[in-house]
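Chains: A, B and C, in written order; residue numbering restarts at 1 for each.
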Amino acid sequence: MNLFDLSQASADVRAASPAQVQLDEQGRLRHFLDIEGLPRSVLTEILDTADHFRGIGDAEVKKVPLLRGRTVANLFFENSTRTRATFELAAKRLSADVLNLDIKTSSAAKGESLMDTLVNLEAMQADAFVVRHGDSGAAHFIASQITPHVAIINAGDGRHAHPTQAMLDMLTIRRHKGEFANLRVAIVGDILHSRVARSQIQALNTLGAAEVRVVAPQTLLPIGVETLGCQVFTELAAGLKDVDVVIMLRLQKERMDGALLPSESEYYRRYGLTRESLAHAHPDAVVMHPGPINRGVEIESAVADGPRSLILDQVTNGIAVRMAVLSMAVSGQMKARAERRGERSRGAGA
Amino acid sequence: MQESEMHEEHEALPEVEALLEAMTEELELLFERRELDRERLIPVGIHTGGVWVAQALRERLGLEEPLATLDIGFWRDDFGHKGLPDGGQGSQLPDIENRDLLLVDDVLMSGRTVRAALNELFDYGRPRRVLLACLVELPGRELPVQPDALGANLALAPGKRIKLEGPDNLRLTLVDTGEVTA
Amino acid sequence: MKRSLINARVIDPTNGRDGQYDLHLDGGRLIAIGEAPADFSAEQRDDLAGKLVTPAFIDLGAHLRDPGPRYKGSLVSESAAALAGGYATILPRPDTSPVLDSASHIRTLLDRARDVAGVRLAPLGALTQGLEGDLLANMAALKSAGCVALTNLRQPIRDLGVLRRCLEYARTFDITVVFQAQEAALAGQGCAHEGAIASRLGLAGIPESAETVALTQWLLLIEQTGVRAHVSLLSSARAVDLVRDAKARGLDISADVSMAQLHWTDEQLEGFNANFHLEPPLRSAVDRDALRAGVVDGTIDAIVSDHLPHEAAAKSAPFAVSEPGMTSLETMLPLGLALVKAELLSLPRLIETLTFSARRFGLKGGMLEVGEYCDLAVIDMEQEWRVSSETLVSAGHNTPLLGMLLKGRVEEVLLGDTGYV
């Protein structure tokens, strides 16, 4: 029971919810920061649009002119060749111009605050920023406080969210398993540090998955993780029993140093996905991994390269999903801009 | 041919059959005059109504090449105002390099759909020749686009739009736009 | 000047007073309560009908940002903020720039305060040199220079052996030690209460055990060494229980809680609201309720401001890199009155918690004593005012109440030994 109605406080000190920041009054996407706060209809729209873009990707001509003349700037404060490459590819397939800003090596490294770095960038008049940052909430901060009128796409913020990864995983699941209603999904690995896991759990729940499970030793489970909407298992066999989708998370070497795990070998023995442990899952179960994979640490090569593995599909779907969110968010911003200028949309000519 | 709002909708609009007849005749003449090889002419219908009309024309003209389809959703020029197009069926095109195309749409008004279709076609390749066949033409052209074959030239009352119903029993109907300008 | 304050409600919890009393003062000294003496003729009579008069408040642990970088605040701005909030005496925290770990620093501060500060300072000195937790500070000298207590704030002490020595040495000179309970290794890099909300937001958590484990260690060492101690800024229900037990066992220990902890929980972190980034973190509703109960039943003796003004940029950053703290001296009264209005606290008890530190640290003030200089706060409990950059006196505007219309304002603080000049 709060004694004060803080909704009456100045906007400068109020924080917007993920729904408020990402969606405009018409419920259109204007930033893509977080699965939290997005209704099922928006997630489904992303999947359907991505499906459509996948079709384009299979055709001879892979480009569409949707974002021709627009600029997409990649702001990666954390290293990531793969994710940045797929975002760049996605932007180029939309015919956008791409700007790669390697912030790590420039102003931020000199101690310039995030706010100062970005205020300078706003002057570049990009139509979208794809941001990856080491602090949870960074994308939310940028979208709500620095550049609300430039579409912000969260490519991963701290431990908090990695919504494009979650959506490409959802697309992969949907393409192979159909609807979510009867699916049991297990996410195995370092849930504590995983922004991917948090987004996946939320996406699966919003899309109506039957059951979401996390499997990890206690040291790698966040306090209160079940409140995200999942069942908690510390034993792999029990966690995988009869599941339809197994998502393996990458284990970072630093976890041994932080006294979270004793050794890779013990982890592999107890939580590694091998042909043997996979047998606990449903016979038709599929295997996914956001990559890059650590062979022999969280997953056996035979499984990673095997017939049930959808890892390569995930990569292809990643481009389509990123094209979808880029075009949806930029479209939302453009419409809002047009509305602000008081234009009325002209009826479509034939 | 001014439509009066007092007339019954269906009575005022022409029968599609008749329009297809007229178009087929025009196209036959065109094939002769321009010496078009109808065996290699590719019919390309623009989703959704244009596909139905193209199918019908392909049958009547006895074209050999399978029907190609164009979804111009992502090539529209109103992304800034209207955002992403809904749904979409995707385009199905063969290799169009140096080929003759018969581009078909149901309603021609501003000309932007045809322009988007041409943009998309040229992203795929470089056709030798593109002919345009439209079932119905309305006033309100905004771009220099003219059909090579046309079913009928109509004018509608303000606030009305025309729509082709299908895919079976093709027929034209009037729809309210809710807007004053067509 | 002879002055009478009449018709006000006077609350003086130490002396059990709560009612309508007239106060008669001469040159800042309290001459009589109630009827004026026969030979007393006031030069100024203030009719304070409808107002509340209490001893002026005393705050333990506010950051006055002096010495230190000007853009965060200064003695001038923050002591003015204190006065605006109803405070006559501040026990400022010593993590200034430089740290207050030497007698000369304390003397410099007090000299400056005499010139520019509107309020009285009763400094807290550092328990270890530089607050680094390794070497004892010159405790006796600090006391002589004017420190009323010593503290290492939230900074870790090298090990328990060193901590024990710190407490023994302090006891030698009858020095009170103020401490904040935080076990550094358990707190890690955390910035929010370790719970479901931090987990969802992906914020590193500070578990409750970081507070309770440290508190337990300190309490046992306090018991062993016999030092007089005060635990500041409690944040968890379990910690309140530990303090209650310790008091029941007869330890000479007192405790405080910040006003913010009595109002808010980690729910306020939604949307990564850096205005609620505090140290210690806002915990759960269960913790908040236990803290409230602790204030009511006397386990917690004082409510403090934990005043920490910041420039705007400090809060304009992703949560974990934003700087913790709120500017709070000026909103203490309306926040306290809101607790009273919600019947979570009685008004006399509220005043008691805002004045407790005087008695505990051997300071003048905090009560009405006939014959003594008297610091008073004149309060209008009904006055509404909007928190804004115009109305706030502090250099920092970092409060989540910015823009809010609050009820309750301090009209005036009368400092006794200035003769109310």
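The rule is simple: contacts are C-beta pairs under 8 Å (C-beta built on N, C-alpha and C of every residue); 3 or more make two chains touch, one makes a residue touch a chain.
These figures come from a predicted structure and were not determined experimentally.
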Interface with more contacting C-beta pairs, comparing A-C to A-B: A-C
Chain whose Cα centroid lies at the greatest distance from that of chain C: B
Identifier of the chain whose CA centre is least distant from the whole-structure CA centre: A
Intercentroid distance (Cα basis), chain C paired with chain B, Å: 78
Distance between chain centroids, defined by C-alpha means - chain A, chain C (Å): 44
Whole-Å gap between the CA centroids of chain A and chain B: 41
Multi-chain contact sites of chain B, meaning residues that touch two or more partners: none
Shared-contact residues (touching 2 or more other chains) in chain A: none
Chain A residues touching chain C - in the complex, by the definition given at the top: 1-4, 6, 8-18, 21, 36, 113-115, 133, 135-138, 140-141, 144-145, 157-161, 195, 198, 222-225, 227-228
Parts of chain A lying in touch with chain B, wherever the complex brings them together: 28, 48-49, 52, 55-56, 59-61, 63-66, 327-328, 331-332, 334-335, 338, 343, 345-350
Residues on chain C engaged by chain A in the complex (per definition of touch): 194-205, 207, 263-264, 268, 270-273, 275, 313, 316-321, 338-339, 341-342, 388, 399-405
Residues of chain B touching chain A in the complex: 74-76, 78-84, 87-88, 90-91, 93, 95, 105-113, 119, 123-124, 138, 140, 142, 177, 179, 181-182
